[in-house]
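Notes follow once the structure below has been shown.
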Amino acid sequence: MLSPYPTTAERIRVAALWIWCVLVLIYLVVPIFVPVPLSFNSGSFFTFPLAGVSTRWYEVVLGTARWRAAIGNSLLIGLGATVLATLLGTLTAIGLSDPKFPARRFVVPLLISPLIVPVVVTAVGTYLFYARIGLANTYFGIILAHTVLASPFVVVTVGASLSGFDRNLMRATSILGAKPLTGFLRVMLPMILPGVLSGAAFAFVTSFDEVVVAQFLANAQQRTLPLEMFTGLREQLSPAITAAATLMMGLSILLLIVANLLARRSRQAGAPAE
Amino acid sequence: MKLIYRTTLLALLPALASAGIMSQIRSAAAAELTVMATGGEWQAALRKAWFEPFAKKMGITFNEQEYTGELGKIKAMVETGNVPIDLVTVETSTVLQGCDAGVLIRLDYSKVADRSRFLPGTALDCGVGIDVYGDVLAYDTTVLKEAPTSVLDIFDTKKFPGKRAMRKAPAQNLEWALMADGVPIADVYKVLATPEGVDRAFKKLDTIKKDIVWWEAGAQPPQLLASKEVVMTTAWNGRIQNAIDKDKRPFAIVWDNQIVEYDMIAIPKGAKNLDLAYKYLAYAAEPEVSAQLGRHIPYGPVMADATPFVPKDVLSKLPTAPDHMKAYLVGDVEFWGDQGEDLVKRFNAWLAQ
Amino acid sequence: MSSIAIPGIKARTGATDRSDSLRPLALAAPLLLLLAFSFGAPIVLLLSRAVYEPTIANTLPQTIAALRADSGAGVPGEPVFRAFAADLKAAQAGGTIYEFAKTLNTRLPGARSQVLRLARLAGQDPAATKEAIIKAAPLLGEDQGWAAIRSGTNRFTSFFLLSAFDLRWTDQGTIGAVPSAQAVFTRVFGRTFLIATLVTLATLALAFPLAYVMTNVRPVIAGIVLVLVLLPFWTSILVRTAAWTVILQKYGLLNDLLLWLGVTSDRIELMYSRTGLIIAMTHIQLPFTLLPIYSVMRAVQPSQLRAAQSLGGRPFTVFRRVYLPQVMPGVLAGCLLTFILCLGYYITPVLIGGASDQLISNFIANYVNVELNWEMAAALSFVLLASTLGLYVTMTRYLGLDLFKMG
C-alpha cells in the first residue's frame, strides 16, 4: 500500500486508513457477538448484566424437534434457492453484459423489481397465485419464491464483475478452437468468480433470513428458522433466538476452519515434490 | 479470489449437509383438527389446558400452526379457497373486522353453548372468547420510589418523570386519555363517539407524546422495564405476571382503571372440519374446562359459571379478581368495530406529525 | 477501406448479427421466464387491485340503474333512495353487506355503521322513504356521500392511487389535497427515500476504504476480514436488531462506554430515534455494499496503477483517473442493492425507530395484514415501484451510470 519511498504525508494517510478500517470492523463485529453472552442468560430478557449463566436456551434449540426441523428446512430451502438463483442469475448477467442485448434499458429494471416490491405484497400476491396452482405449502413453492427474491442480487453483483471483463478474451478462446462452454469455464468464470460467489452469498442470506413470504407459503411442516424465531414474538422475545444464532455462527466458523485445513492439506499433497 | 470462493462455498456447506434432514412424513390420522394461534407461552398454555385433553377425549390429531395474529394470511386463504385450518385465535377487534370482510364464519351458537353463559361481550357473531386479560400499568419497584396507584398515573409526568411506554394503537390509549381528562368510566365511549371527544383524547395524549415509547409486540413491555428504558408501561397482565413469577423480576402491576379485554377463537370460512371445530368450541365452553387455562397462564375464564373451578391462588392474579375490579372499563367491541378504521387512520397521522 | 460488397461475407455477417443478439437473450431467457411466471403474474394481478375495486358496483346494481335515470349531481331523488334500500336488503340477505359497508367506509369515513343500520331498517321496512333513509344514514343527505357512492360504482378507480399521494377528488370534481390531519403518505415516501439515501452513503463511507484495504493485505488477513463480513449473514435480522437494542438503549452498552470514557456526561437517547435507526440499518446493510465493491476491486490490475504512477501521476490523480473508473461498477452495484433494500425495511424501524421513523413498508404491511385494505397496499406498492424504477432509469440515462455498460 505504501510506495517504496513513503513521505510523511503518505504515512499519515495510510495510518488513518488503517484506523478507520479497524473502527469499521469493530462496528461490524461487536453487534454480532453481543447476542452470544445473552444466549447463556438464565433469565428470559435481553439485558446485561445476566441474571445467571445457564444453557437452558441451548437445550430448547437443540433439544426440541421443532427447532431442529426448522434449521433443516431453512438450510434446504436456502440451498435450493441459492443454486437456482446463482445459476440463472449468472447466465442472465452474462447475457446482459453483451452489448447486443436487445432493450436492455427496460429489462434490467424488470429484473431488479423483486427487490423493490415490498415483500409483504410479494408474499400475498405469490400466495394467491401459488395456492391456485397447487404450489402453496410446498417446498418447491417456497424455493421458487425465494429464488425470485434472490435472483436480483446475483444479476447485479455478477453484472458488476463482468464490467471489467474483456470480451475479446472470449473471442480469442473461440478463435483458438475452444468450445463456448470450455471458454466460459476456463476463462470467464475464474475472472467473475468473486462476483458470482458474492451473489450466491446474498442469495443464500435472502432465503435464510426471509420470514414474510415463508409466513404465507409455509405450513407447519415447512416451518423455517426465521419463522420459528418470530413465533411467539407477540408474547415473548425468547433468548432461544440468540442461542440459535450463536450455534449457526459457531457452526460456520468451525466449517471454515476445517475446510481451510483440508484445503491446505490437499495443496500440500498436490504440490510437486522438490 | 480463492478466499472469497472458499468462504462462500463453506457458508453453503451446512446447507448441503442438512439437505438430508427432512421433516418426517406425518401419518394421516382418521380425524384431524388444525388450529392456528399466535404462538409463545400462551399457545403452550392453550395446548396443555385444552388442545391435548380434547385430542385425547375425541381420539383425534390436533395440529397446530403459528401466525402473527394478523388477518392478512387468513384472508389470502379464504380468497383462494385453500383453507388448511379449522380454528384460529384472534383479538376482539380482529373478529369484527374478519366478520365484515367475510373471512370468518358467523357462528351457530346452538352448537356451542347458550350465549347467556358467557361474560358480556365474549360471545360475538364470528368469535367466541377464550380468556380475559387486563390492559394494566406495570413498573419496576426498584426504579419508582413512589408506587403509581392508577393506570392514569401514566399521564402524570410531574410526579413520575421519564419515558413511559404505550401500545402503538388508538384502542385503550384514547379511553385512558379521556379518563385521565376527567371523563367518568361509564361515559368514556359516549364521549369518544363524538368528534369533540376524540379531539379531547388526542389533546390529552399530546401532553405526554414526547415521553412515549410505543410498543407493538406483547414481548416488548417487560423487556422495556427490564432494560430500564422506561419507568412505566402499559401491558397485558399475563406477560408481567410471568416476569414476576418465572424470572423473579421486581415488577408490579397497577390494576386500578384497567381495561378488560378478551382473546377470541374463530372459524375461518371454508374450514374443512367444521363439525369437529364446533365440538371443540362446545368443549372449551364447559365450565370446568374453561377454568383450566388459568393454571398455566394468569388469564381468566370467559364462562360466567367457570369461576368456582378456578384455584384460589390463581384467582388472585386474574384481572377478574374482586380486588382488581374496583375501577375498570370493559373494552367496547362494537365501538371499535364501527370507529376503529377511522381512529386508526387518525392515530397514525397523529403519530407521523 | 474499400466498399466493395462481397455477397458471401455480407450474408455471413448478417447471420452472426442475428445470432449475436439472440444468444444473450437466450442466456437471460430462463430467469426472465421464471420471473414472469412466479413473480410477474402474481404481482400484476395483485397490483391491479389498486385501480380495480368492484365491490360497490357489484352490490348496487339497482342503484346504478336508478342513478343513470336521475339527472344532476348532489343528493339524488326518491327513486334512487328506494333502489339503494333494495340493494342493501339484497346484500343483507346475500351476506355481502359487511364487505360493502367496509369498502364504502374506506371512501366515506363513518359510513360503515350508517350503512349497517340502514340495511337492518330496509329489512324491516321495505317501503322506506328518502326522508327515513336520510334519518338513519345522515351521510346520504350530503353531497359528499353521494359523490363517494357515484365514484364507487365505477369498477375502475383512481381513488387509491390518488390517496397514495394524499390527493382526492373533491365534491366539485377536481383533484385536491386531503385534509392535513389525514395526509401521511407523501411525508412517509420522502422520509423513506431520505433514510435510504443516508444509509447508502454511510455504508459507502465505511465499506469503500475497508474493501480497498482488504485487496491490499495478505490473503490470510483478507480471509479473516471476509469471514467477519459474512458472519452477520448467519444471524437473523431479528437477532441483529435485538442486539442493537441492547447496545443503544439508555442503560445499554454504548451509553455505558461513552460515560466510562467521559465522552458524555449524561445518558443519551439513541433508541426510538432516527439516529439509532440509521446506525442499525447501516450495520445490517454494510456487507451488501461491501461485497460487490470488493469483488470488483480484486479484479483491478495493480500493474496499471504502478504504470500510471511511474508515468508521473500523483497518487490522488491516479486514484481518480485510473482506479475509480474501474471500481465504479462495484460501487454502483453495492449502493443500488443497499438503497433498494433500505426502501423495504420494516422490522428494524418498528423495534428501533421512533413513531416518526416508520417507513413506507410499515404502512403497506399494516394495510395488508391488519386493515385488510389490499387496494391501498397495492396502490402504495405501485407508487414505490414506479418511483424507484423511474429513479433508476433517470440515473442510468442522464448520469450514464449503467451497471452493464461500464468498462
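We just call them A, B and C in the order they show up, numbering each chain from 1.
Just so we're on the same page, a residue touches a chain if its C-beta (ideal position, glycine included) is under 8 Å from a C-beta of that chain, and two chains touch if they have at least 3 such contacts.
Everything numeric in this text was worked out from a predicted model, so none of it was measured.
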Most central chain, judged by mean C-alpha position against the global CA mean: C
Between A-B and A-C, flag the pair that has more C-beta pairs in contact. A-C
When centres are defined as mean Cα positions, the distance from chain B to chain C in whole Å is 30
Would you mind pulling out the distance in Å between where the CA atoms of chain A average out and where those of chain B do? 36
Centre distance in Å when chain A and chain C are each reduced to the mean of their C-alpha atoms: 23
Where chain B touches two or more other chains at once, by residue number: 1, 4, 6-8, 11, 68, 72-73, 227
Residues of chain A that touch two or more other chains: which are they? 46-47, 120, 124, 128, 194, 197-198, 201, 204, 230, 233, 237, 248, 251-252, 256
For chain C, write out the residues touching at least two other chains, lowest number first. 227, 230, 233-234, 245-246, 294-295, 298, 368-369, 374
Mind pulling up the chain C residues that touch chain A in the complex? 17, 20-21, 23-28, 30-32, 34-35, 38-43, 45-47, 206-207, 209-210, 212-213, 216, 225, 227-240, 242-247, 253, 283, 286, 288, 291-292, 294-296, 298-300, 309, 315, 326, 329-330, 332-334, 336-337, 340-341, 343-344, 346, 360-361, 364-365, 368-369, 374, 377-378, 381, 384-385, 388-389, 392-393, 396-397, 403-407
In their complex, what parts of chain B are in touch with chain A? 1, 4-19, 21-23, 26, 38-43, 63-69, 72-73, 76-77, 79-82, 84, 217-220, 222-223, 226-227, 239, 242-243, 246-247, 249
Give every residue of chain A touching chain B within the complex, in rising order. 43-47, 51, 68-69, 71-73, 75-76, 78-79, 82, 120, 124, 127-128, 131-132, 136-137, 190, 193-194, 197-198, 200-201, 204, 215-216, 219-223, 227, 230-238, 248, 251-252, 255-256, 259-260, 263
Contacting residues of chain C [partner chain B, same complex]: 95-96, 98-99, 101-102, 105-106, 109-110, 112-113, 181-184, 187-188, 219, 222-223, 226-227, 230, 233-234, 245-246, 249-252, 271-272, 294-295, 298, 350, 354-356, 358, 363, 366, 368-372, 374
The residues of chain B that touch chain C in their complex are 1-4, 6-8, 11, 68, 70-73, 75, 97, 99-103, 163, 168, 212-214, 216, 227-229, 338, 341-342, 344-346, 348-353
